[in-house]
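The structures come next, written out as structure tokens.
Each of the next two complexes has subunit A plus one other chain: subunit B in the first, subunit C in the second.
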Partner chain A sequence: MDEYLLEVRGLKTHFLGNKGEIAAVDGVDFAVKKGETLCIVGESGCGKSVTSMSILKLLPPEGKIVEGNIFFKGNDLVKMSESNMTAIRGNEISMIFQEPMTSLNPVYTVGKQIGEAIRLHQHLDKKQTREKVIEMLKLVGIPAPEKRVDEYPHELSGGMRQRVMIAMALSCNPELLIADEPTTALDVTIQAQILELLKEIKNRLNTSIIMITHDLGVVAEVADYVLVMYAGEVVEYCDVKTLYKKPLHPYTQGLLNSLPKIEETKEMLNIIEGTVPSLYDMPSGCKFWPRCPYAQDVCKKERPKLYEKDNHKVKCFLYRDFEKGEINYGA
Partner chain B sequence: MKRYISRRILVSIPTFFGITILVFLVSSLASGSPLELLLSNQNISEAEIKRQSIKLGLDQPLYIQYFKWMGNMLTGNLGESYRTMQPVMDMIINGLGATFLLAITAVILACLISLPFGIQSARYQNKAWDNISSVFSFFATSTPSFFLGLVFLYFFSVKLKILPIGGMNDIGQENNVLSLLKHLIMPAIILSFQMVGTLIQFIRSSMLEVMKEDYVRTARAKGLKERVVIIKHVLRNSLIPVVTYLGMEIPLLLGGAVVTEQVFSWPGLGLLMIKSIAARDYPVVLGITVLVAVAVLVFNIITDLIYGLLDPRIRYD
Partner chain C sequence: MALNAQNLLEVKDLKKYYTIKSGMRDKNKRVVKAVDGVDISIRKGEILGLVGESGCGKSTLGRSILRLIEPTSGSIIYKGSDILSFKKKDVRMMRKDLQIIFQDPGASLNPRMTIGEIIGAPLEIFGLAKGKEKEDRILELLQLVGLNGDYVNRFPHEFSGGQKQRIAIARALAVNPKIIICDEPVSALDVSVQAQVLNLMKELKQKLDLTYLFISHDLSVVHHLCDRVAVMYLGKIVEIADKDQLYRNPSHPYTKALLSAIPNPDPESKSQRIILEGDVPNPADPPSGCTFHKRCAYRLEKCSSEAPCLKRLEKSHFVSCHLYDNESKQVEDNNSNL
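On to the complex of A and B.
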């Protein structure tokens, strides 16, 4: 039987700002199986980080999950008490953040910071913890781990710090690893190394991964499934091969076309025009219509549903006949 | 580290001399020399005044007076008090003990009171706790200590009669610790009160700033309990402004808490300072001022060393 490790259903996360309430995540569904990698892609500000923060319930005070369920191994995290959440965080679900330069506490050694999670969840003593920390540093490819363990974050480069973050996240053998743009802040060669490391770890430990990125190049490398988000909603959701072969949503097509291809000249580079609308000022109907080359009257008036065929979900009126079996592949 | 400290001390030496020159000049320019007090007495003859002036060295040029004073000071001699004729050094050392005890107790009390208030108001920003401690810290900062001191005296000493009205010891009980504590408690609370208000605000705003840091989110994502996150990751990183404030405040307290010591007749440097100023007893006033200057220099160095303990990114080389 195909049990999902994580199943997110109808998640809505709102922020109560001084300009009113905004729906940063506005009804998101997805699921991850054991050992699978799901990539969440979309332009900056579309709610990727808020989605991942919602899963661990690490939202800032002004953010709130207002609707939906997050089932992890059958238990709904949305309803779970804070003390039960602390037993899951860092232990069964752990997270890597975008900013390796600021995600480590400057006043503690990396050994102490990694060890903190190990001591907390695995109840090891001081000496065993230190050994385990060194082992983890070795696992993520940090040279001279016996020496690095006593160094402070400022003594390490960005790439090394991100490896430390990964070591910390993996130290308690989590079943789910959420990586929020883990390579965005790093330069290209380091980026490739970190991705390679994550792939290797996934194969070795069979960890499920949710990888958040706005880089479709990264998606092609690591994903099994892809969730495309736009303005807090899922606009397309399918497996990675299908996405590259047959992208359905005009937004996804735009994202893929904006990827530089070797044979294309610069002028042909197709970038989606316009920007993500402000969450305070959402267009009526489909949120993408002002930027959509195929926008029809219906798009401006009604919200499209998530139409599905063969496990390929897309939120666009072009595909409203999916259920009837008539497919019109947009472009 | 050692090199850093010795370098800092070396740099402090010219500053020290600069301060002494300034203090000496200002005091000699101040209107009203001790001779004027004598002059206002009709029964004293010109000759007597002249004799006194020669005896005190006041007839010599200013720079000679300064070098004499400085030279004596370097050998530990601050001169004699015009008022009591005792060596100034002895008077200062006597007062310093009382002042030090009062200051340290007040600083410890202030930290003990303001830490929980500051932490809670950062943790529950804009909730009941925060509002209570804002109001509290507002009153603590804005109530003059002489007023609060008198209110305390009225209640605890006059009405309830549970605490002594002033001084440091009961007569004949100089070694009784309980009696000392009874005398100490009110002035220490009053003195800490001024600091408490400021400290609460410093701790609160500093913690709120740190709470936005990415590494605090990392700490939460590890599964640490909120209490641990707050103490180990937030508070620890919020201490620098607190240390800065205390590093500036403590040397000033060592110069004597003038108002508090006077209200409670606490026999410290503050009380000595007031009496000496009133009597134009310049050797004592100068001595205390120089002591404060030295304390400021010393605490500057101590503060810098504590920064290094708090933040490993700070290096001394």
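On to the complex of A and C.
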């Protein structure tokens, strides 16, 4: 077990909504090694952000981890006290959020905000902190860091703000960086800059990254392993090349097929029929069956388990005989 | 004001300037040129894509065409007359032919109106149908966009994002428009739903003989949907060409960078990426000469002093860049085929 930096086992996070309790994350397992990038993909409401918030135990009051373990360097974060969590957050595990404008405080300078975590966790004095902040701004490629350090967030562009967020997240040399849709609010040319920066940082500092995204192009760009989520569950989990070459789950196949691609011209896009089910009203059996082109009777009654072969995991009855070596690729 | 036969709408030298002050006592007014001299025409039956990054003026251009924003100067020729010279009443009648679909269907549908009322409103305003006839037309429109007729009495909050966008499309179609301006209609939707809405838009275009101006920042979506593509940067069109030509042979350095920045959904592709340096400049204080020159890898000496204009490279491929000064001839104003 100690080869993994982070290991999540059977995680279930429930929320108390106005129409009763809902299972936002409904049994999720995955693991991240040192220096590895895991991408969690899925559409809105699939539980990808709640999974990451559960790891840091930053859930809102309505949310609660009801089952499962999150081992970080061998310690279970689920059972950890709040004061111990505080020592980990921002220090050993840190996070980058989607919207850089709303996650930076508009009334403090950039330098002060980045410096806060450094002073708190590394016990440096004022002058050392400032030097460290400037060094961090330089690392994330902000021009004229000596000047930028005294500026306020509104004086920076969107891409620069996201760089500041990354500098802040990296300031204490975390071992795990969780990035929740870090480029979704940015333009493509700026997105390319930020993705390049994240890859460079990963190589230089050997940081493990969990990236949450809905963009399959971004996934192909940065991931080592990919976790595909649907309605709170893992539906497919494997390395990135296998996923794009041989996607197994009908949902993953559907997602990849529905992307418009520059290399090919076709009259109509392939689509996945229907919409994501409401969390209050989940279908019985496999949660994907009402939208699945291969749905059988068993799918409507029973929930499939995660079948595995050669480190390729898939939650679908089409692959029931996976372990026996008989593979029916569905399509 | 002779209209080129195949052009349904022509935009000529359109400008929209905003004046800004940085505080109450700030005496020096500055001008933001959101749209700065755009010439573009929309051909009958085509889907014209308009791409660019945030703040490049693509939405301002789209809205100016409908006069939802009053342009500063220029002309927009539709059916032989200039939309910008229209009086208020004529502007409204023009909108019977020109409709718009917005990005966020959650914000563009009135939460207190039922779906029936939302789709019925344009029918009433333009006096197109009443009573039973109106009810029937609403049902017909709902079916057209793939929604169940039982939904008429429901409210927008009961629908998912994709369904809301279908409702917005039905509302735009209610008056039988000729041109629909689509301002990022699928950007707020999930991938699987995005594909559904794109297919619907393509199907409707064929069925109802529509023409679209499709504004988007997503180059893969534009490639799938559009026939011609115009690229905007800081208020100006920098390149315009047929889709295949633009994607196969992008000529402006900005278009090249934009295309290479698209994340490729193939982990084994080894394509070389052009990473642009810096950010889009502040539109209140754009660089001199070519507004792209500070980020451009191929800049020449004159780029910082002299602004390029659109020149023809090939039959319907135009680019605004000094790199092509010698191999192209200037577009003659009266015969623009942009």
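Criterion: the second predicted complex is superposed on the first by the 326 of 331 C-alpha atoms of A that agree within 3 Å, B and C clash if a C-alpha of one lies under 4 Å from a C-alpha of the other, contacts with A are read in each partner's own complex, and residues count from 1 in each chain.
Here, contacts are C-beta pairs under 8 Å (C-beta built on N, C-alpha and C of every residue); 3 or more make two chains touch, one makes a residue touch a chain.
Since the model is a prediction, treat every value here as computed from it, not as a measurement.
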First (subunit B), second (subunit C), both or neither touched by A:Phe71: neither
First (subunit B), second (subunit C), both or neither touched by A:Gln193: second
Partner chain(s) touched by A:Tyr294 [first = subunit B, second = subunit C, both, neither]: neither
First, second, both or neither for A:Tyr244, with subunit B first and subunit C second: second
Contacts of A:His214 with subunit B and subunit C, given as first, second, both or neither: second
Which superposed partner A:Glu43 touches (first subunit B, second subunit C, both, neither): second
Touched partner set for A:Tyr4, first subunit B, second subunit C, both or neither: neither
In the superposition, subunit B vs subunit C on subunit A residues touched: C
Touching partner for A:Met165 - first (subunit B), second (subunit C), both, neither: first
Residues of subunit C touching subunit A in the complex: 53-54, 160, 162-163, 190-196, 198-199, 202-203, 217, 219-221, 223-225, 247, 257-269, 273, 275-276, 279-280
Residue numbers on subunit A that touch subunit B, as the complex places them: 56, 58, 61, 82-83, 86-91, 94-95, 97, 99, 102-107, 113, 116-117, 120-121, 152, 154, 165, 168
Interfacial residue positions of subunit B with respect to subunit A in the complex: 125, 213-215, 217-226, 233, 236-237, 310-313
List of subunit A residues in touch with subunit C within their complex: 43-44, 157-160, 187-193, 195-196, 214-221, 223, 240-241, 244, 254-256, 258-262, 265-272, 275-276
